[in-house]
Amino acid sequence: MNGMIKFGYLIPMLPLVGFLINGLGRNFLSKKMVGLIGSGVMVFSFAISLFVFNQVSAEGFNTEILFLFDFIKTAGLDIPFALQFDQLSTLFLLVITGIGSLIHIYSTAYMHEESSTHYARYFAYLNLFVFFMLILVLGSSYVTMFIGWEGVGLSSYLLIGFWFTNNHYNNAAKKAFVMNRIGDLGFLLAIFWMLAQFGTITYAGVFEKAGTVPVSVVTGITLLMFIGAMGKSAQIPLYTWLPDAMAGPTPVSALIHAATMVTAGIYMIARSNVLFSLAPVTQNVVAMIGVATALLAATIALRQNDIKKVLAYSTVSQLGLMFLALGVGAYTAGVFHVMTHAFFKALLFLGAGSVIHAMHHEQDIYKMGGLRKKLPVTHLTFLIGCLAIAGIPPFAGFFSKDEILTAALEKNIVFYVLGVLTSLMTAFYMFRMYFLAFHGSFRGTDEQYHHVHESPVAMTMPLVILALLSIVGGWIGIPAVFAENAHRLSNFLSPVYATTHVQNEMHVSHTTELALMGSVVLLILISIFSAKQFFAKADIAEERSSAFGKLLENKWYIDELYDFIIVQPINQISSFFARIIDIKIIDGMVNGVGKLIHFSARQIRLIQSGQVGSYVLIMVVSIILFFIFQMFWKI
Amino acid sequence: MPINYYIFLSVCLFCIGIIGVLTRRNAIVIFMCIELMLNAVNLLLVAFSRMHHAAAQALDSSSLAGTEAQIFVFFIMVVAAAEVTVGLAIIVMLYRNIHSVDINFLNRLKH
Amino acid sequence: MPITEILFWALSAAAILAALLVIFSKNPVHSVLWLIVVFFAISGHYVLLNAQFLAIVNMIVYAGAIMVLFLFVIMLMNMNAEQEPNKSKWMKLAGIISGGSLMLILVASLKNSTAIAGGQDAGIGLIQQLGRTLFSDYVVPFEISSILFLSAMVGAIILGKKEKNMNETNFSKF
Amino acid sequence: MFAAIDNFPALLIWIPLLGGLLSFFVKDAKQAKSSAIVFAASSLLVLLVSMNYAGKENLQVNQVSYEWLSAIGSNFGLILDGLTRSMSLLTAIVFLLVFLLVPSDQYKAAHKFYGLMLLAQCGLVGVFLATDALVFYLFWELALIPVYFLASIWGGEKRIKATFKFFIYTFIGSVLMLVAILYMYNKTNATSFGLSAFFNLNNTASEQYWLFGAFFIAFAIKMPLFPLHTWQPEAYEQSPAPVTMVLSSVMVKMGLFGLLRWIMPLFPLAVKEFNTSILVLIAFGIVYASLVAIYQDNIKRLIAYSSIAHIGLMAMGILTLKEVAVSGALIQMFNHGINILALWMIAFIIERQTGISSISKLGGLAKKAPVLSIFMVIAVLANVALPLTNSFVGEFMIFNGIYQSNKLLAAFAGLSIIFSAVYSLNMIKNVFYGTESQAASVVKDIRGVEILIFIILTVLILIVGIYPQPFFQMFSDALGLILTKYNS
Amino acid sequence: MNAIIISAVWGVLMMYAGFFLQSKRSIHLFAIVGICLMIACTAYEFLNGLPLFAIDTKGLLQYSNYALVFLMIVLISTLLYFILSGSEIDATGKSTTDLYALVFFILTGIAVVAGFRSLLMLFLGIEIVSIPLYVLAGSDKSNLKSNEAALKYFLMGSFSSGLMLMGIALIYGDVGSFYLDAIRAGFGMLTPMKGAGLLLILASMSFKVSAAPFHFWTPDVYDGSPTVFTSFMSTIVKSVAFYAFLTLFDHAFGKLHEHWKLLVAIIALATLLIGNITAVFQQSVKRMLAYSSIAQAGFMMLSVFAINTFAKQGLLLYFAAYSFATVGVFAVLSKMKDHSIDSFNGLSKSNPFIALSVLISLLSLAGIPLTAGFFAKYYMLLAVIREGGMVWLVVTAVICAAVSVYYYFRVIQAMYFKDSAEADGTEFSPYFKWAMVLNAILIIVLGIHPDLILNLI
């Protein structure tokens, strides 16, 4: 153990300290102090992460494990609490602390309207989230990961329900937590299975023994893990919480529900690439679920009017693409897209936040319009974000998405086609939003119009930084078709896949690849232009709703479906159990014993007639019975 | 005379006494039936006394076996006399209160 | 058939017949009288069994004293046959049936006893012999029975003594 | 150190007994409260000293035996080992905190109240410490009597009926246990009631079956396990809050404790025979209780059903016979006591201030009582076994054990993890969040001692959740006895 | 032996005491002195092994240590009974001294039964106990219920005496002796005559101890009799009946244990069930206690069933536990205005010490640990288990014990958890309070150290 890694524990520790100071001192600290502490710890953490990254990226670096203490060591269990520093975790570390710092800084301005107590609470939660997220990625075992895993769920719950007086928000928070828990159960079972199968739960231990167990076992374990990933990363069927989670403050959506937490599932699978590569069945499932989610979410996003909802569905859709990448074995591509997505999606969300901030919490894009003059910085950065997500070269999204699509093509043409379709829709709905919000004429109230103003520096600065990253972020993974060996990310991450046989080089010929790439970009441009045609008008009415449109607007009625097939039955069963089974039947039986005794008491009492004659008669009859008894039993 | 005859005779008397107790309502008559039962027992005891005495005499001519049964009968009579005293006193007391000795009226106590 | 046997059968028949009449007579006075007949018959049996002392005591104590007491009480209450209402038929039937079956069962279970009452003479039934035993071996129970009598006496006094506050209104205590 | 070092176990019984009896003679409510606190605190102190001593001398097991009823072979045998230490620690902490929390003017005739509470503590500690079956049985019953009186005198409207049902129900169970104890005593040739003597009996399988049944029913009623649980919601609802706290933090552990201390070592054949079917039954019970909890509108009933589910889980852990699950259950017994105590305390504070325990009538308390709501969130999170809270450690190990013995069962019981999140968050949402209800307007935030109590609880929750290792060291010797007969 | 003489003499003295003792208090005190004297003499006999007055009873009476301990327990119960309920005896009628005399005569009978070695003495003893009891049951002459109770008791009691005599006669016919040892010696084989005799004696003894199905007189008689004498009947007299039952079946019929134990088990079972279940229904505490006494008899029947060391030891403990507790409850009950459960409402507020004593008594009756009643029941159960094979009987017994909690606790609930609607005018003298507390302490002491009694035997 040497260099900065010795102090690696400080990376998660600093946000925790921030959480404690802000949480405990929320009644005493001024907003300025709170903001300073909240962002300060993040920046420090980021700085340490940079040093660590520096050390990790050095040539010939081997995975280092920072042992902290024994978490559970008894009865055959040996679960240490240790941090693992390797290429994958440090990459995530950078994304988390980096974007985290930006969003903290952004938040200092965005949340300024809150009272100082709530302001401090907000930062405390945010710091707590970062702490757990760091534990998640740094943990050296699945249990440590699970601690972070549930922890981020908790922080997400707290932040979604930040404005706790609003019951809709609370419901959204609850929904997020419960849905995550469903996934967590899967993850937990996977952990148990691994413990039972391998006897250890550290990554190193598990991966070492992974090859020795039957494929069916690995398939089972990975499938259960994927259920966990579904919950956290909002995949079919557990995706419905994410759009609702937009109830939280916008920076939260940017950090948690776009850039970091929701990518935990991708991290998990990328981390477990050894296991997943051993289970082709699971991989197929992952790919199919991924592409289906991507498509479904994209369709829904086409007809959403809430600026954050559009972004949310777009996130779900992009996450689907990442899973597609993981499913087809292109782990690097998945991680790459996580990174670029973090940049541009955070950018988009923060931009949306800026818009919302300017519009006084108006989120309906049909009530906006023509904002590009009023909000120049926001507009520009937002446009960059849109271009990035749409996959226009040379923006970041282009490279990562292209890599995914190429990998999908190699696996199965259907995946590829669906992936491309998703990309087209992405471009369309992103620009629909962009045009509706920033072009045309203002459709809000006059009062709103007068108040619209550019956000303060603390908000625009992160936007600018993220916009830059959205432009250059993709250049670390330039495909071989443009320049040999320019995929620095792939080279960097290769130790992580050392034991897995991942084919990073493409089998598709470069010419085909170039042709396909070109045509996809062309199609995307067409779809952007059609969006412009539809939505960049000066004056636009609400889209008329066809039946299909209505279906999309209502998100395929999936929420209602869940309500009908899951929530309602559970409530009914619960009420049936509580009212009928518990009170009437079980308790009724218990009370019935008492009643039976009372009843028999009343019956037996009748023999006590008060008549001497009958008493004597019963005595005599009993004696006769005694005699008979004696004769028959020969006593 | 076989002892069985005596046994059957006293069992007959005993059971007639029981039937009387069961079928009559007059407390005095019931009491009389109980006395009849006691007398049946007395008869049986005397018969047994005779039987044991004879059996013992066959072995030892000076044996006094069987005396105890007759003494027992004597004590039963004593007890019976005492019982009659108290029993009749109770019946008279009851009669003074309700002017009847019908046991079917005795049903204030149940539950 | 020796005379004792004839006497046995005659006395047995008398006893049983009289006993049945005791329980089936409507009039309590008749019952008392029939009971006296039973006692006499039983005394006869005692004589047959060489228990002369008990025979005499039986006649004096039972037929003489106790039965007179009964008769006295019945007279005091001025009872006659009409006063006793019939017990319910079922009750009667049940009483007879169960009493009868008890008898059957007792007889059935005792019929294997084959011991014979011997014919030899013995002096144990005589007053001299009984008296000696009573006052030597059985003096303790004899003394204790005095307590019995004492308590019966006290009891009879307690119950018989008229209390001042007793009057006809005590039905209210029901 | 002390010459009277061996008397630690006895002290733990005598202190509350003495305190309880003394308390009846203190007329002033405030004095009664402070004397109760002193006695409860000194119990805790004795326990801590003994733990310190045990750690220093490496003498984990502290066993003593006093002569009593030598004619019938019963000795007043007490033991302090890892298992009993943790349970006594829980008892001492719970009673101390309850005394601190409840204001002296809360209940009329306070001196009696505190007296009975201390007597209940004496009974509970006795149950945990006893190594002699007869003594165990005596304390088992004695713990019940003060609780019965406490609940019936100071409880809610339907208290008499509810507590009576509770009493009779548990009494029936315990008399069956008595029969089994006597049977085994008879098998020792009527010479000993000692646990070790019972342990050495070679009962045949069929004997063990019914002996196990008798013991298990007694314990199952106490825990309670589905379907013998219906006394619990009523009793919890109707008992005064401090009693409910004691009942659900400590008293229900008596059943689990009995399972560990008596059933597991004594009836290995029966346990092996029946554990699968019982596991299935409990698993159903867990899900069932969680579902019923979702429906509840009364905070107290909700917590009660949640407790049924959690206790069931611990019982499952024990009956899997897996070492990991058993030690998980051991630590979870302590943890659950702490967590549910926190929940009850919050329910108590809310009800004391608003007079309402119906969830639907509350709402928006967080605004008025932010500190309370923070602790509520912590308590609820501990209750749903979020990582880094104490329950996670226990339930993780228990589930791990269940999974090892049956995958499907673990998955099925795991549903309760989801449902527990549903009802717990519902409760938070409807009580603390949302728009301010009428009831919330009178609420004041907690302060002073109350905050101190919750800080203690939170610290316990977090410390055990993050670094449970000391507990596992404490349990290492207790596990041996529990599982010896299963390892071969 | 001493007890017979002293009680008889004291009975006679009591009869005349009315002439020279004027105040009821001094009569009461005089009776207590008599009991104390009896206890002292019995203790002397127990300690020295010799009575003060040695009389040759020709083997009719014999006092073993067991008998003496039994006698002491009964006498101490009677002492407690006198202390607690003496004033009620005074209140029953004008002839207080006569009633006391009868109680002393009953004690004579009890002393006779305690030492009986011959069926003759058993018969005499039981009759000496019964005949004064008929009178005591009817001693509230103006009360029709009391009259009725007396007549019922008398008729059925005589009837059962008849049954017993028939049984004795049949046994004599077979064995040729009334001595228990001789009967035991002659009981090697079961002849029909012995069987019939045994069954008849079993039936009549079951009647005396009020075991089902011969228990029907019990509720009616206990309910109708003056409460103070119900207390005496249901405790002390019942103990004696059980003692006689156990001794007879142990000494005389012990060899044939295998032949009759199933029947006794059935009787015990029926008694437990009927007693406990019917008691649940009762609204009057007095009648409830009557049924409870049947229920307790069911438990005591278990000792007759088992007749081993545990059974015999435990039965004495049971007598003590049961008598002390019942005497205590009855003493309070007899001071209440009526006998309904509601009359106990709020007793803990108005009279905390009385309520506490009653509470302890009731807990003891229910068999809650650390009261004497627990160990009493414990021994009964242990005896049955020791006997082996009849686990169902034990299980029924304990479940019945749980049912008994139901009706005993109703009184506790009334005392502690309910408030009296109107202020109950019942006054308790300090003397009575202290006596009650003493009684409760006795129960607790026996509950913690039952060996105080057990070590004596």
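We call the chains A, B, C, D and E, going by the order they appear; numbering starts again at 1 in every chain.
One rule holds for everything that comes next: a residue touches a chain if its C-beta (ideal position, glycine included) is under 8 Å from a C-beta of that chain, and two chains touch if they have at least 3 such contacts.
All figures in this text were calculated on a predicted structure; none of them were measured in a lab.
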Chains in contact with chain B and also with chain E, listed by label, are A, C
Counting contact pairs per chain pair, which pair wins?
B-C
By CA centroids, point me to the most central chain in this structure.
D
Rounded to the nearest whole Å, what is the centre-to-centre distance of chain C and chain E, using the mean of the C-alpha atoms as each centre?
31
Averaged-CA centre spacing for the pair chain C and chain A, given as whole angstrom
102
Cα-centroid distance, chain A relative to chain B, in whole angstrom
98
Per the C-alpha means, the centres of chain A and chain E lie apart by a whole-Å value of 78
Mark out which residues of chain A touch at least two other chains, giving numbers and ranges.
605, 608, 610, 612-613, 616-617, 620, 623, 627, 630
Interface hub residues of chain E, defined as touching at least two other chains:
120, 124, 127, 131, 134-135, 138, 141-142, 144-145, 150, 152, 155, 159, 170, 173, 195-196, 219-220, 281, 406
Specify, in ascending order, the residues of chain D that touch 2 or more different other chains.
none
Name the touching chain pairs, please: which are they?
A-B, A-C, A-D, A-E, B-C, B-E, C-E, D-E
Residues on chain B engaged by chain E in the complex (per definition of touch):
3, 7, 10, 14, 17, 21, 27, 30-31, 34, 37-38, 40-41, 44-45, 47-48, 51-52, 55-56, 65, 68-69, 71-72, 75-76, 79, 82-83, 86-87, 89-91, 93-94, 97-98, 103, 106, 108-111
Name, in rising order, each residue of chain A that touches chain C in their complex.
613-614, 617, 620-621, 623-624, 627-628, 630-631
Using the touch definition up top, name the residues of chain E that touch chain A in the complex.
152, 155-156, 159-160, 163, 190, 195-196, 199-200, 202-203, 207, 213-214, 216-217, 219-220, 258-260, 262-263, 274, 277-281, 403, 406
Per the touch rule, the chain C residues reaching chain A in their complex are 87, 91, 94-95, 98-99, 101-102, 105-106, 109
Which chain E residues qualify as touching chain D in the complex?
310, 363, 368-370, 374, 378, 381-382, 385-386, 391, 394-395, 398-399, 401-402, 405-406, 409, 413, 416-418, 449-451, 454-455
